[in-house]
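We call the chains A, B, C, D and E, going by the order they appear; numbering starts again at 1 in every chain.
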Amino acid sequence: MLEHVLNGLYYGSILFMIASGMTIIFGVLGILNLAHGELYALGAFSAFSIIGFVAGQVAAPTGPVTAIVFGVVVLAGSLATAAVLLPVGGALEAAFIRPIYDRDEVYQLLLTYGLLLVLTDVMKFVWGPSPVDLGVFGGINEIPTTELVGIDYPSYNVFVILIGIAVFAWLVWFFDRTKTGRIVRATAINREMSTAIGISTDRMFTLVFAIGAFFAGFGGAMVSIGPGSASLGMGLDWLVLSFVVIVIGGLGSLNGAFVGSMLVGVSSRVVTPYYPQLELAVPFLLMVLVLLLKPEGLYGAWGEIQ
Amino acid sequence: MSRFLVDRDGETHLRLAEGMELTKNQAVLAAVGLVALLIVPDITRFTPLSFTAIHRGILFGLAAVGLNLLLRHTELVSFGHAAFFGVGAYAAAVLASQFDVSSGLLMLLGSVLAATAISVLIGYFVAGYLDIYFALLTLAFNQVLYAFVLQSGYFNYSDGLNVRPDGLNPPALFGLQLSSTGYELVLYYLTVVVLVVSLLVMWKLVNSPFGRALDAIGQNRTRARFVGIPVEKYVWVAFVISGIYGGLAGGLFALLQLHVSPEPTLYAFVSGEILFMAILGGFGTLVGPVIGGVVLVYLLVQAPFYIEYYNALTGLMLLAVVLFLPEGILGSIPKIGTGLSRRRRDPGLLREDVATIGSSLRRGVSRAATTVRIIVFGVN
Amino acid sequence: MSAPGSDDRRDPSSPLLEVSNLSATVEGFEVTHGLDLEVNEGEAVALVGRNGAGKTSTFRSIMGLTPVANGSIRLHGEELLDMRPELIPKRGIGYQPESRDLFTGMTVEENFRLPIWTAGEARGVEDEDALVEEIFELFDELEDRRDAEVQNLSGGQGKMTAIGRALALQPDLLILDEPLEGLAPVVVENVKSYIHEIIDRDISVLIAESNASHVPEIVDRMYVIERGEIVDSGDPEALSSDEEIQMLMQGGGE
Amino acid sequence: MLEARDLRKEFGELRATDDVSLTFGETDGEMVFIVGPNGAGKTTLINLLTGLLEPDQGSVVVHREENGGTVEEDITGMAPEDRVGEGLVRSFQIVHVFEEMTVRENVRIAVLSKHDKTLSMRSVDDGHEDVEREIDELLAQFRLEDVQHEVAETLPHGDRKLLDVAMSFGLDPTYLLLDEPTAGVATREKEYVIETIVEASEADGVTTVTIEHDMDLVKEYADRLVVLHEGRVFREGDPSLLETDSELRRVLLGVDE
Amino acid sequence: TELLEGEQESAADADVPDEPIESGLQTFTEGAPSVLGIQAEYGAETAVRRINENGGIAGREMNLDVVEEGGAYLTNYQQFVDEGKDVTFGPISSSGHAEMVPEIEAQEVINVSTDGTVTTLYEEDFPDVTYSFRFQNHDVMEALAAVNQAVEVLGADSIDTYAGINPNYAFGQDEMNLFSQGIEKLTGAEQVYSGFPDLGTSDMSTHITEINGEAPDVVFSSCWGGDATLLLEQGHANDMFDNTELLVGTVLYGSANDMEEDLVDGPIYSGSRNFYWGEPSTDRWSPAADLVDEVQSEYGVVPTAHFMSGYGAVTAWATAAEKAVSLLGRWPEQEELAMVLENHGFFTPAGYHTMGSDHQGYSNAHFGELTWSDEHDAAALQDVNVFAAKNVSPPPGEISSDWIGSW
């Protein structure tokens, strides 16, 4: 059982990294970014190139010291990967999304769907049509983290869970404690009045979209480093799952996205062995259930980051 | 003035029935559209255009017309319309393969009934929700249904069911057991009839007090409630009507495709596509969704045969529509019309257009570059 | 609350705010037509006119929120129309919009602090906490609701918060769009006296008001606006006694 | 007669409505004004009466004359749209109209609803002459004929308020609850709005409950005054209280005597 | 001189049109399933190239158009027919294949499916067809080869429990079903767990955790492509191979090009359908002997069984066409060609195949232990067992589960 829960937390952590970006973008820009899954896929592909290159510079681990070196190198690589998504996200926002903020929200859906299709083919152009696999997963699992505390569980999963928690903590700190974070929230709430107190909303929006892309990319890197591979179309399922997460948690709520991710992660992992046919449906059933009991989601905040 | 021509605000309107009137331009467009629909089979015979792709597009367009009732009037974005489309398709398939029903029309009836039932059920749960919650809740029901069908042996899992009562031949239409080309033609004209009737019904509906009540609900729910409109009930009714359109389209799809499997009929992205068809064609219009359906389906189905980067082609085209045809394809026709006639008079404008597009592109790029520079390097 | 130190972009000889020949458009309609307006340093000015005359549109144009087809808007002699809108508050205009437009989901105090964070540096705010406390002293009804999220305030409390937020910019010019609307009489009196206090602190004020009766008590000078044009201006007492102007102001006669 | 019995509503710690018991419409066409400082709970009370909010405690009761006797009906928990059917109609402090419809279409919705025609499938333009006639009357009554083809969102603030009230009237109310119908309306029009309301309520015997901050209007038009303060009924009675009750004057007007 | 040459080669003077043969292949060209699809494409292209290098089919050159099959099976086939293709190949998807069969019968243009493997398809759903064929073995061959392999390695007596991890769609369910029937029949083993992760999932840890908890003797998996690598990667990370005696996977080898060296470690046995390039021994027959090098230099991958699904489908049709021309002395009609294809036997680098009278291909099935080949820098099989077609699939016309039941 413990292992199932851990598996769920692992899964939930990756989901959180994707869904949190989506939540932030939705909360601040009011855009349901259908291309978000592709940003995540882009992260996975970029990780293949960047981490592949970086990890190639050090040998695979043989002892504790080399293991730590290896782990640090891979972590640095995934940060670098996510950093690539910053300008990509910023550029997409400035060039395509900015002109349509004032339009009916359905056009935003159509536009981001268009971006989704274009991004898919950009990745196809750069990395080819077949999946690519980074292949440093085994190396990371040789880092003996879990044996040290006496449980036998893949180091990588623990690593991802920790990163998920760290990302959550950072985001909460950023939006709740820092001035910039609260300025971003203000922008989310009322664009015009933000302008009227001296906030450059354009730049805030670009920044927020870039941050959202950053975490999507980070999530992508995590999957790519992990047992999965980067493939075209990998973003679609996660996109739909992130919808589920942000609805369960409450739109625009970071706490909600975190709790939602973990709930989806853990429940699907715990239910699957007993009711295998439900594996696909669990997140959606959970979503229906939550919404029927609590229509605004667990931490419903209607478009505000909190 | 004759029985069919009436004068309103100094313009001659063509009067079809009580409360159904068309302006001159609309009448011409409608006539052209109808003729185009009728001669599609002939056109495709002499051109490389694909008949089935257009047929398929019209079907999806019909579903999009139904979805548009929610989108345009109650201002609810349904992300789960494939639920009805899929249920409609599966109803036909189940009748054919599990109950050996051989009449195509009976299958369609089954589609409508099944879609009604499922939309009554889903509608009951979602009618009270708004905005993105509505969108995502419909999506959730859609996915639950998808997962259910995918897991169910009765529906033959991911492989789906055949819509061939005897295993090999298509169902009978109007009691006729037709050859494959004959079947396609008859089915096509059946589709056209269904489409035209559905459009007329929808037209009538949205121009009735009930349609206005839906508009009112879309624009301000609280106020609608406080003028005495039972909001949830009406949304529910609209939802069911919209679902019936979806089911009908799904049933026709089953008859066309003769095989129904979960992914192309029930998956969440089919819902998305139906939604995008409505927007693409112009969701502020009655017929726009049909056009959007034909265009989007055609692109999705045919582009892979011609270019390697077919997704990008579709994507770029959608971007172009959003940025340059702000009301969708049909919705923008009036503007394009006046724009064109102005340009015919003053060709200089054309040069300006090119310049504007060029400079707006340049602006977009430089804007993107600046912002990115600021974010990455922090320099202002 | 003192104005920040000298700024070389300023032209000391010109009025604080100078709007000339302003034509603003809303949704493609021109709503003001060649409107002229001035506010001098330390002056309180009202813009009075019936509903829909164009008061709000004028203010929004000054804040860069409504597109301007023609004309010029200068603050300290500096043209605002060429400026990105977010710089305008940093130049010293605090704005209380007609509908409160508070930052919901945040507390009253956060609503006061935000402008300081974004523009405090540009406005020369030295002690953030002191400024915030000063505003709470001004609106002591809000003291209790300090940590309430603003969407839960009553109509009047919200209005006060909106004014307070504008003050947090430590502005040279405060623009108040119908500050008295929906306020209980007791609060109306209070707000009036706050406005006097604000004026006493060397902050200029520009007020829109559709209820003419309050105006003479508050301002030194007023403009009468009708259908997007200034039709008269001058001393409020004098203007208020003019029959025809009275009609226009009160939104009667056509 | 509309009765509030021991209504209580709490928002967290804050008791916005504190055991309020009131009756409205004991006499036909009564005009009641609710006044009180900002945050006194006026809007909340109206929300409770019309069903936008559910009370934590207490009930809302309608008394009706039937076959010579009076019948009591507890409408607590009834949906707002059904209360409209009971004759309970309201307007909003922040204008709520159908923004993308023209003025006429806005009013039409209300009138269609009154006639229970919103489920009708007959075309709007044909066969509803009685409806159209009523719309004309309403538009005339509220001086909105000139702008009847304007889209609501482009209207100036004052006209929007008028439209909001006109729609409420179109619903043929027995009890009309108006939340600051004159706020933001220019002085002259204020009187006009109130006068229209008075006329209509007298003609049709409509009981109106109006929240108002302008004491001049209150003094002029009120049959009865209800003062709310900190969620409680602070005073109830004749408008002359405004002149005579010094505690009331302090609370409401800030006049220390 | 023309006449003289004609006498030497009977096909050359046959009445054969000059224009090239137009053919179309639909396959997964992108995304996760392209791991199989692109191999099939390479295979089909290689076959066509070799045909053309050898003077075409009865002198006719062959052209091949490739299109992505994803979701558009029927439309793809119809479009090919509209374009006047002489023959079409594909798809890989079993649901796509099921959808197409009646249409193929209606359009009467032969289609040879590369894959499309659900057993019931030709046994039950379409027992009597004319124009629709599939080259590939059906599921029963893979699943039963896996059963036999497990028994071979561990011995029937020491298999008491088994479990399965299979992709969540018709193919995976069918394979698990057949495997269960087979292994229970042969060993009396009991199923302790059966999980169906989503096709193309990114996490199987739940199922692996369950396996670890149950510690079955044999784990069966029909995962392929990314799912197969995922299974091995997460299996290793979670020490699954310490908890089970044996993993038999029907097509793990299909991911040969994606696997790392450390993944193939452990008691992992994989099927490779009808083709493994070390088997059957190919030294003496150059088309087979050159294949691996040719594919590695041309495409940079080692050919897997899925390569052979493309290669074989084309070859089945091409050899039958040539046979028909030599029989008829002219280019055959579709119907004639379809008749020749029935019970047609032919060689590919995978050995000898027959196209059964039930329209599905029969060939030997290969199973071996997964190891690492330094030479090809890819996963490889060692100690390959070859199971004869008649031992792992029912005779044409018989239903698989009945046949297994009769063991």
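Operating definition for what follows: a contact is a pair of C-beta atoms (placed from the backbone, for glycine too) under 8 Å apart; a residue touches a chain by one contact, two chains touch by 3 or more.
Which protein is which chain? UniProt says A, B = Branched-chain amino acid ABC transporter permease; C, D = ABC transporter ATP-binding protein.
Treat the numbers as computed from the prediction; the structure is a model and nothing was measured.
Each step here moves to a touching chain, and the least such steps from subunit A to subunit E number 1. Any chain bridging subunit A and subunit D, meaning touching each of them, is among B, C; the list is complete.
Each step here moves to a touching chain, and the least such steps from subunit B to subunit C number 2. Between the interfaces A-C and B-D, more contacting C-beta pairs are found at B-D. Farthest chain from subunit A, judged by C-alpha centroids: D.
We define each chain's centre as the mean of its Cα atoms; on that basis subunit B and subunit D are separated by 43 Å.
Averaged Cα coordinates give subunit C a centre that lies 31 Å from the centre of subunit D.
Chain geometry summary: the mean Cα position of subunit B and that of subunit E are 39 Å apart. For subunit D, no residue reaches two or more other chains under the stated contact definition. Multi-chain contact residues of subunit A, defined as those touching 2 or more other chains: 124, 277, 280. Each of residues 150-151 in subunit B touches at least two other chains.
By the contact rule set out at the top, the touching chain pairs are A-B, A-C, A-E, B-D, B-E, C-D. Those residues of subunit A lying in contact with subunit E across their complex are 3-4, 7, 10-11, 14, 124, 129-131, 133, 135, 137-138, 141, 152-154, 156-157, 223, 226-229, 231-234, 237, 268-269, 272-273, 276-277, 279-280. On the side of subunit B, the complex with subunit A involves touching residues 71, 77, 125, 128-129, 132-133, 135-137, 139-141, 143-144, 146-148, 150-151, 268-269, 272, 275-276, 279-280, 283, 309-312, 314-319, 321-323, 326, 364-365, 367-372, 374-376. Across the complex, subunit C meets subunit A through its residues 63-65, 84-90, 95, 97, 101-106, 110, 114-115, 117-119, 122, 165, 169.
If you check the complex, the residues on subunit D that touch subunit B are 50, 52, 79-82, 84-85, 89-90, 92, 96-101, 105, 108-110, 112-114, 117-128, 167, 170-171. Contact residues of subunit B toward subunit D in the complex are 18-20, 204-205, 207-213, 215-216, 219-220, 222-231, 234.
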